[in-house]
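Should a chain be cited, it is by its letter among A, B, C, D, E and F, assigned in written order, with residues numbered from 1 in that chain.
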Amino acid sequence: MRTDGRNPDQMREVKISRNIQQYAAGSVLIEFGNSKVICAASIDNKVPPFLRYSKSGWLTAEYSLLPGATPERTIRDSSRGRISGRSHEIQRLIGRSLRSVINLKALGERTIWIDCDVLQADGGTRTAAITGAWLAMFEACLNLDRNEHGFAVKDYLAAISVGLVDDQVLLDLDYAEDSRASVDLNLVLTGSSKIVEIQGTAEGEPYDFKMLDRLLALAKTGIDYLITLQQDFAGDYFKKQIKSVGLG
Amino acid sequence: MRTDGRNPDQMREVKISRNIQQYAAGSVLIEFGNSKVICAASIDNKVPPFLRYSKSGWLTAEYSLLPGATPERTIRDSSRGRISGRSHEIQRLIGRSLRSVINLKALGERTIWIDCDVLQADGGTRTAAITGAWLAMFEACLNLDRNEHGFAVKDYLAAISVGLVDDQVLLDLDYAEDSRASVDLNLVLTGSSKIVEIQGTAEGEPYDFKMLDRLLALAKTGIDYLITLQQDFAGDYFKKQIKSVGLG
Amino acid sequence: MRTDGRNPDQMREVKISRNIQQYAAGSVLIEFGNSKVICAASIDNKVPPFLRYSKSGWLTAEYSLLPGATPERTIRDSSRGRISGRSHEIQRLIGRSLRSVINLKALGERTIWIDCDVLQADGGTRTAAITGAWLAMFEACLNLDRNEHGFAVKDYLAAISVGLVDDQVLLDLDYAEDSRASVDLNLVLTGSSKIVEIQGTAEGEPYDFKMLDRLLALAKTGIDYLITLQQDFAGDYFKKQIKSVGLG
Amino acid sequence: MRTDGRNPDQMREVKISRNIQQYAAGSVLIEFGNSKVICAASIDNKVPPFLRYSKSGWLTAEYSLLPGATPERTIRDSSRGRISGRSHEIQRLIGRSLRSVINLKALGERTIWIDCDVLQADGGTRTAAITGAWLAMFEACLNLDRNEHGFAVKDYLAAISVGLVDDQVLLDLDYAEDSRASVDLNLVLTGSSKIVEIQGTAEGEPYDFKMLDRLLALAKTGIDYLITLQQDFAGDYFKKQIKSVGLG
Amino acid sequence: MRTDGRNPDQMREVKISRNIQQYAAGSVLIEFGNSKVICAASIDNKVPPFLRYSKSGWLTAEYSLLPGATPERTIRDSSRGRISGRSHEIQRLIGRSLRSVINLKALGERTIWIDCDVLQADGGTRTAAITGAWLAMFEACLNLDRNEHGFAVKDYLAAISVGLVDDQVLLDLDYAEDSRASVDLNLVLTGSSKIVEIQGTAEGEPYDFKMLDRLLALAKTGIDYLITLQQDFAGDYFKKQIKSVGLG
Amino acid sequence: MRTDGRNPDQMREVKISRNIQQYAAGSVLIEFGNSKVICAASIDNKVPPFLRYSKSGWLTAEYSLLPGATPERTIRDSSRGRISGRSHEIQRLIGRSLRSVINLKALGERTIWIDCDVLQADGGTRTAAITGAWLAMFEACLNLDRNEHGFAVKDYLAAISVGLVDDQVLLDLDYAEDSRASVDLNLVLTGSSKIVEIQGTAEGEPYDFKMLDRLLALAKTGIDYLITLQQDFAGDYFKKQIKSVGLG
């Protein structure tokens, strides 16, 4: 039995609030239970130097915790004068994942900035961030001019964590579970169940290949559910565009 | 006539949402129209070196814009490797203002960290931040052990901006008005209408002392209203404590 | 009775030494009693990116304490790797104040850099810095080519501090007085007694509006005197230019 | 056919040079073909603050490229004033992986610093770094005093990359292959073939679960070979210690 | 003939103004012609970690240019976020030189901070800084309690530059000469003409050992003169102390 | 008798390994006994801003210790966020020295980056770095297109340290000797025995001019030997080019 009464294969409640920052090109507040992440997408009409004159766009992500997101206050990266190693690792993961489902040519010479700021942290913030960032990116892309490469978003994208806690395989770990997990695995899949990223770490005892299979199968069920939420989100507002790119 | 139809002496709608970050000791989301600020108070059981063994506590504040808060994305201080001059100035103002209504001895050797993170910026974020930070601080103090110095909060505290725009004296400027203002003044008052901070800047033409009096009188009306909101906030939940410190 | 025998409404002796840095476009050493500030103005034939192609100039200021300026050595900003919050706040105040009395169009696409370095600190260094920086700026502007917008300096500018110490309203606080002041107010006025900046802080007890009026009235007398010194400074050397811009 | 004539399931030649830095507690130069990494282990008789008085040790890793390691010179992290995101990610991976096969209690209150400096970069430097770092760590641990927790190293540890290039599954990618790979996966296993870390990224097209199985199977063959090299390394010099900890 | 009419073996006029910063333990303004350096010595009742419990003191130096010291404004180290290589090199030279004539044991567990801030730069600022810093240090040491190791200053110390310009050997180069010099040599000697530092650089053509001898002989004459000034400085005020340490 | 049995005027064994980093334009590993330095030269087809459109090239150097180079691990400059003063001083010396024997015009608008990374530190690393950096630079220049200014390298260049240890004048100090030396002098000479840099420091007692002559004479013998090694290095591979520039 899990702390909050969930079954091992049960996710926390997921909530999506649209338009949380009305001046951003796209934004949502996404909640996985008590983990809450503000995801925004901004459009910048420039590209990094290595893409200048390439007729291709770029997407980059930043991730940070608000100081009040955790029981013990988190020191700001700006006060320490540098971005923490953990933040670096997570924001690179977010950026890489989203780039796998976007057609950079279709952006033209623009950069999409993804900002994921954790309002409240209770485990799984990186997977909530990826799932929510897709929504913000989708919304931002709807307002872009289309060029010959069409609509920029190519597929849905969502992420979930699974772990081994006290010899039980659990879906969508909260902070207390994550702290006790001997294995912690994050999976990022597309709407067509293809793997974009897999990151599995033995925090305690190393584990065998059979356990890996069990973890992956469970993670897939969670992501399947998140994709249906993304379809609903996209469906309500953007039916026409989605059809034209062959999603949903 | 103002852009959003307000009278010159009319504030924007003010909304206060409690408990926006449940792991912080105190937190609110405060909205002045389209300006929205997340205010959190965290308790740290340490004091800065200059107060060690003093039996006195401390309060310090940090202020930052989320990147998606503005139409053109705001670069993070952490990416630039340093806090901007504007943020520095505002967070020092917030900290100084709150320290004027708190009894540091009553905190014991603890530090209250105030974090004001702007979710959406449409002018007046520093005054919303001060007003909201008081609420977060109040809530955080309720849970502290009392020592012989009693309850730490000594008085209400709120702030508002006024300005001279096209020869009209306006209350609670939004971003568009602020950009055109020739005079911009921020006033911070206690619940007993005492001055804690006054900061008035001639962005365009310098102004005379008579104009200063008009600006201050208008600002006072706005703050009087904000204090009633603070009384309601404190009143619903904390009636007993308030009486014991003689507020309200 | 004040420590150094002054009356409450009496300023410290003010001294101005011209041309303290002969390679700068303009420079003075200004002394308010034991507070001594080196003020320099340099001309840079560039403007910041946001003004490029605008045909307008810019003015920006930096403020710093020399390590030996204080009884306990002040650590350099460069050793700490960042500018202190206090320095940031003061240099923004200096820059904003001077920009209110300069015609940026008349500068052409040039930047005036104002550097205020405190040689010796005994309270009031920011007001001495503003008053001295005007002198350095004035001198630097005399050597600029005139365009159709004429001479760049539009008016005199001086600043002074006042405070409430032991229930007495005092003019031009020294460090010992400033440390004990319950209210500390800095006022910046033009030669025509218009307000450019007002910054008043309750370090101890908040104060009422009547007290504000008393503080402002006293500050005005101090600034009136400083403006006469600026008129003498400008008058000796630059009579013709001053007349042509209608000062004095 | 691969550029250098290897079969798809063939590794590059692996060379290990002992004692490359005689003042370090342990050090090797490890070569995977043209990729060459200097791996050093240093012992520090302190632990980070969060472990003080815990009777437990710590292990942390740093990774960097020498500027001359790449055809286009790599800018030093120290010149940019901060560690790159890529270096952060890799050094966290190295540290996490090694900590999974070391008994921190057996270290006592000491920190092992692992430094991996890439002398020459031709793909796969992070896997070479992990494999070589184990060797340096092993050597450093031999000279530590044993406490009741015995010898600190618990198992062998090696890493390899696999990828999908032009629809072919390849082992141990060099730089040219890595640049064209649509899938890039790094696997870290113990001597008993347990998973410590799996990181698989779709650089191009996302891939399915069947492909994941093929990639993992191939990676395992590479790691099996690397473990035999580690057994040889440990065997020549340290037979007695190894037996006592039950390796090999 | 030199620009300012000096003979090749003639120094610029040297001026020393005492007590330029009255809150510092010792301070002078030293001028070598148009080069002007503010030198201050501060006493800190702490030592760096590597000297704790050693019963020995320390001396360290910092060197910086005020922005207005040069015709083209010098950017502050603090704005660039780091100390320039040139400043680093010079301040290490100043610190090393002064430590050679001070008895660190006699300081007790205290640190002397030397700050050399260039008010006006016209070549030779590092040699003026060393010569002036000795004066500030001397003054600061007079007020220290004596322990069994006696007065801390062991000998005089002065520095001068010489150079080869257009095939002429010149003493005390100004900026224009320094820019054209093919050889630039700085020499630091004690009051007994012993070498503390020699730094000679071929900016243009490398030079032979015979030329080195000529440069050194000329430099010695300049330093001999500077030492007489230090004797005068010390003599007026500190006759008794000097005798007791056997100087002069 | 010296620790390692050398005579006072005897150098440590010098070894040169070519092509240590095959992707760099030139590289060697140079060993002075147990001091080992990786020296690389990279070509960048850009020049710093101050040389743009000058038709002249540039050469700059960076120096760093690998963390495992010393018995007590050296903290990386990148972890401290800034380059140490010692590294700054040494890399400026390396750059200045090499620039004295290269024809910058002959480089065209290119920058040569010299990187000296100390693999193992046992004293004299800066002199080994200069001597090895010349070899890397020479190799890099061989592959450059020649313009009307011909081959860029003008002369050989080598460096050695000498010191006074226990009243004995010693050549090529190792770390233990260097720590006890009362005088430490580094000399950089060209192939024609001209002085490029001399840096002599009294770490203990200041020394007289006669001692300087003895130190210089001994240093010259060491450098003469190093130049013959450079001639061998250049001779094997580059005979024709050398003749054409009149070396050897």
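One rule holds in what follows: a residue touches a chain if its C-beta (ideal position, glycine included) is under 8 Å from a C-beta of that chain, and two chains touch if they have at least 3 such contacts.
Keep in mind that this is a model prediction, so the values were computed, not measured.
K.L.:
Once the contact rule is applied, which chains count as partners of both chain D and chain F?
P.N.:
Chains in contact with chain D as well as chain F: not a single one.
K.L.:
Hop across touching chains from chain D and tell me the fewest hops that reach chain E.
P.N.:
The distance in steps between these two chains is 2.
K.L.:
Select the chain at the greatest separation from chain C, using centres from the mean of Cα atoms.
P.N.:
So the chain farthest away from chain C turns out to be D.
K.L.:
Quick check for the class: compute each chain's Cα centroid; which one is farthest from the centroid of chain A?
P.N.:
Checked the centroid distances; the maximum from chain A is E.
K.L.:
Using mean C-alpha positions as chain centres, tell me how far chain A is from chain D in Å, no decimals.
P.N.:
Their C-alpha centroids are separated by 28 Å.
K.L.:
Between chain A and chain E, what distance separates the C-alpha centroids? Give it in angstrom.
P.N.:
Here chain A and chain E have centroids separated by 59 Å.
K.L.:
What whole-Å value do you get for the distance between chain B and chain D if each is reduced to the mean of its CA atoms?
P.N.:
51
K.L.:
Give the residues of chain B touching no fewer than two other chains, as numbers and ranges.
P.N.:
81-83
K.L.:
Thinking of each chain as a vertex joined to the chains it touches, would you call that graph a line, ring, star, complete, or other?
P.N.:
Graph shape here is a ring: one loop, exactly two partners per chain.
K.L.:
Considering touches as defined, can you lay out the ring of chains in sequence, from chain A by way of chain B?
P.N.:
So, from chain A then chain B onward, the ring reads A, B, C, E, F, D.
K.L.:
Touching chain B in the complex: which residues of chain A?
P.N.:
Interface residues on the chain A side: 20-24, 27, 34, 38, 40-42, 44, 62, 64, 66-73, 76-79, 81-83, 113, 115, 117, 119-121.
K.L.:
Would you tell me which residues of chain E are touching chain F in their complex?
P.N.:
Result: residues 82-83, 85-86, 88-89, 91-92, 96, 100-101, 155, 185, 189-190, 192-202, 205-209, 211-212, 216 of chain E touch chain F.
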